[in-house]
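Every chain is named by a letter (A, B and C) in the order it is written, and numbering of its residues begins at 1.
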Amino acid sequence: MTDSLTTQQITSAEIRAHLRERSSATLRRRMATSRIMTILCWLAISLAAVPLVALLIRLFEKGTPVLLKSGFFTQLPQQPTLFDQTNTGGVSNAIIGSIAIIAYATLASIPIGIVVGIYTAESDSKFASTIRVVASTMVGAPSILMGLFAFGLIVVQLHLGFSILAGSFAVSVLMLPVLIGSTEIAVRNVPPTLREAGLALGAKPSTTSLRIVLPAATTGIVTGAILAISRAVGETAPVLLVIGGAYAITWKPNDPGSALPVTMNSYVASNFDSLKDLAWGIGLLLVLVIFVLSFAARIWAARKQKVQR
Amino acid sequence: MTEHTVNMLKAVQEQEIVDPRTGPIAMRLSDVSVAFNGRTAVRDVTFDVPANNVTALIGPSGSGKTTLLRSLNRLHDLTKGAKVSGKIMLGEDDVYGGNIPVTVLRSRIGMVFQRPNPFPTMSLYDNVVSGLRFNGVKKKSILDAAVEESLKAAALWDEIKDRLKAHGSTLSGGQQQRLCIARALAVEPEVLLMDEPTSALDPIATQKIEELISQLKSRVTIVIVTHNMQQAARVSDLTAFLLMGEDRAGEQIEVAPTLKLFSQPDDPRTMDYIQGRFG
Amino acid sequence: MVATAKTSQTAVEAEGRRPSASTRGAYEWTLLIISGLFGLVSVWFVGTIIWQSASTFKSQGFYIFTGLNWIPGAGTGSPSQYGGRAMIFGTIETSLIAMVIAVIIGTGTSLAINFLLPQKMKTFVATVVELLAAIPSIVYGVWGMLVLAPWFLYTIGPFLSSLPGGTAIFGTTVAGKSLLLAGLVLAIMVLPTFVAISREVIGAVPHELVEASLSLGATRWQTLWKTVIPTARIGLFGATTLALGRAIGETIAVSLVCGGVIGSSFKPLEPGVTIAGFIATQWGEAVGSDQIGALFAIGAILMVVSFAMSVFSRRLVARQRRAAAVV
């Protein structure tokens, strides 16, 4: 605490004089620092942009010819040899496999994730907050752990083996916490006056939720679902551990299958440049799918906002 | 009733209206215009701001008074596409000329904003001395003295002297605004700009700040924007009335000693405004 | 997207509409049961990982944290050794490198986006950043392996080695792959995520505070450093923990570029391993519950660290929020 007796000895004029002196003495340094730091911020944004732009350019540059090559989407993979280095075939099996995995995972996780998200948004019980904490902790968990979980449960305990089912399970465990979080946010963002109005009309809480609040939250829920799917599309590690691998086209849950990221992972380590190029192609395909999904989510969210206005 | 109002009424009765512009002048505005991306917001403002007096800028919304105020401490430098033309003099210096660095200018012209905005991560003490620290002052004895002095000038010292380490959010709205005033005063500005400082406050806090303004003018020149003309009549010595013209740019209608502008304005539009004919 | 709807929760609470046990209908029961199902799944998740790794922890004891050797004993007659030190250190080293780079460059980038770029560009940049954050990590890994690794091999490596004491401090790469490269790839990968959040948080600092700071005579940098960043520090911390969580858990982007060699030196240019990367690369070769259990074990270590980080950061954010209050 300031001792009034001491400070009374410093007059207002002294303060002013000291301030003027310090201000002019430090002026040049302060302005130089500001200029330098501004330049450094420009440098930072350039340093951030350069590798990302370079990556995108290289991805499109190397991936586009592969995507355009006939048979990429329709042919089964082949093994190039020293004499026939470009005989790579396509990735049709991986495409079907990925679609199957995502489809099953979506079917399983979206209903559950949305329901749990609604629960955590509406309830304030201890159990609800526990679930909320669990979900948000799992969102940040390393994805490979989901693969380990799927292995332990599906492959080993349930004796279902390395399969598309196991891969789907791992992906759905990955998607669930994300869905729960985004659904909760979407429901909470519905203006509370809407719920209050419903209750004031005499509706039961459950009716109010189902008929009034949830329809209003649909946009946000759907957006969250689309984003969860787009995250799942590119996940490699959890699928890698349990999918098994297959050359043929299959979507049966019991069969071992293939998936785009897994194929990409094995091709990139190949000695054949043609297979490495195929890895670029798969990468571009994944990125394009994800971009399309992101745009779809954006357009959906924007259109609904316009309607609400 | 503040002392100021009492003096005002006495002056009315004695028909003694002193034009404060006959004394020393703190700032001179000549043909000042502000445009954003080519669209003029306020134009051709010319008047003198008398030193150690309160000058009020009044007018309906859209008349450009806040835009004009912010041009005085070069806040429009932050807005891309903003262009300030004309001449603004602070004493001998051209505000937009090259010779005063803008940081120095801004420590000579302080500002208090519409909503109290103490820095949220700083204690009350740190808030008040923040300006001093920005300017390179480090000595604790100086900072301590400045805290006491500014808070006393802002009529806040007694209320918070025992909790200077507390957080800004522990103060009421009116106290927060006085804290911001103390913060601005700590860098010893020549001019203090106030942008509708009481519009977010309750009537009692408003009154306290209006009293404070009357006390402060002996220490610093004040330019205040207010949409409340009664407030202008209560606190100011000189009043400038601005109005949005047909080209949607604000223009200066009349500048006169407050007493005169509110009792015998020259311009009929001024008369209409003070009689409440348009908002 | 920040969830700001705590107020709606209290408003709803005030309505007293929380159903008590007697008024629970089909709707409430459905919500409860499905949530219980999710709870069960999450418990099973943790349980499976711990269960499968239990025997390894029992047999290895502390060696799994401190030991360097990873030698399955099957067929050799001697007991298995599963030492996770290399993976743990590798995870720490790559994540640290990644976070230092990402936070510094990311903060500068966010400041630039908010204060230096023209207003009109902001939505465009925000969209671009979000899209970049959505790119799957395997793409970063492939790019790192096929593009950056050769660059490291032919340019960065020789350059660093030529510095005084270079090889001693930095080590040498194997085909360009190294922990430093892995850290760099992680940084690039994590940058969009960090910038997406920090840009929003810094943009949320009320402009009046910026104006107030400048009106006191502060320079632009003083305003950014002393006013904007401290005001945004809670959000910046959140962005950091999120990015860090991604970094330590990343599997493929790292495994493709780290070199995959269990080494005893952790010099940046030397190849190394991380926990997640090692599990992925060893998985194919792991035969028998002994080896698989060992991989589960280091996975369990990763899981515990990740969960601890999550809990810790949540507590810290909550405490900072309470301390700062709302001004």
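Everything below uses one rule, namely that a residue touches a chain if its C-beta (ideal position, glycine included) is under 8 Å from a C-beta of that chain, and two chains touch if they have at least 3 such contacts.
What you are looking at is a predicted structure, and each value in this text was computed from that prediction instead of being measured.
Of all chain pairs, the one linked by the most C-beta contacts is A-C. When you average the Cα atoms of each chain and compare centres, the chain farthest from chain C turns out to be B.
Centre-to-centre spacing of chain A and chain C amounts to 13 Å, using the average Cα coordinate of each chain.
Distance from the chain A centre to the chain B centre is 50 Å, each centre being the mean of its Cα atoms. Among the residues of chain C, those touching two or more other chains are numbered 217, 219, 222.
Residue positions 23, 30-31 of chain A are each in touch with at least two other chains.
Residue positions of chain B touching 2 or more other chains, listed in rising order: 103-104, 107, 135, 187. Looking at the complex, you find that chain A touches chain B at residues 1-2, 4, 6-7, 10, 12, 14-16, 18-19, 22-27, 30-31.
The residues of chain C lying in touch with chain A in their complex are 1, 3, 5, 7-9, 11-13, 15, 17-19, 25-28, 30-32, 34-35, 37-39, 41-42, 44-45, 48-49, 51-52, 104-109, 111-113, 115-117, 127, 130-132, 134-143, 145-147, 188, 191-192, 195, 217, 219-222, 224-225, 242, 245-246, 248-252, 256, 276, 279-280, 283, 292, 295-296, 299, 302-303, 306-307, 309-311, 314.
Within the complex formed with chain C, the chain B residues making contact are 73, 75, 78, 80, 103-104, 106-107, 110-111, 113, 115, 117-122, 130-131, 133-135, 167-169, 180, 183-184, 187.
Note for the complex: chain A touches chain C at residues 23, 30-31, 33-34, 37-38, 40-45, 47-48, 51-52, 54-55, 58-59, 112, 115-116, 118-120, 122-125, 127-128, 130-131, 133-138, 140-146, 148-149, 151-153, 157, 173, 176, 180, 184-185, 188-192, 195-196, 199, 204-206, 208-210, 227, 230-231, 233-237, 240-241, 261, 264-265, 268-269, 276, 279-280, 283, 286-287, 290-291, 294, 298.
Contact residues on chain C toward chain B in their complex (touch as defined above): 118-119, 206, 208-219, 222, 226-227, 230-231, 233, 324-327.
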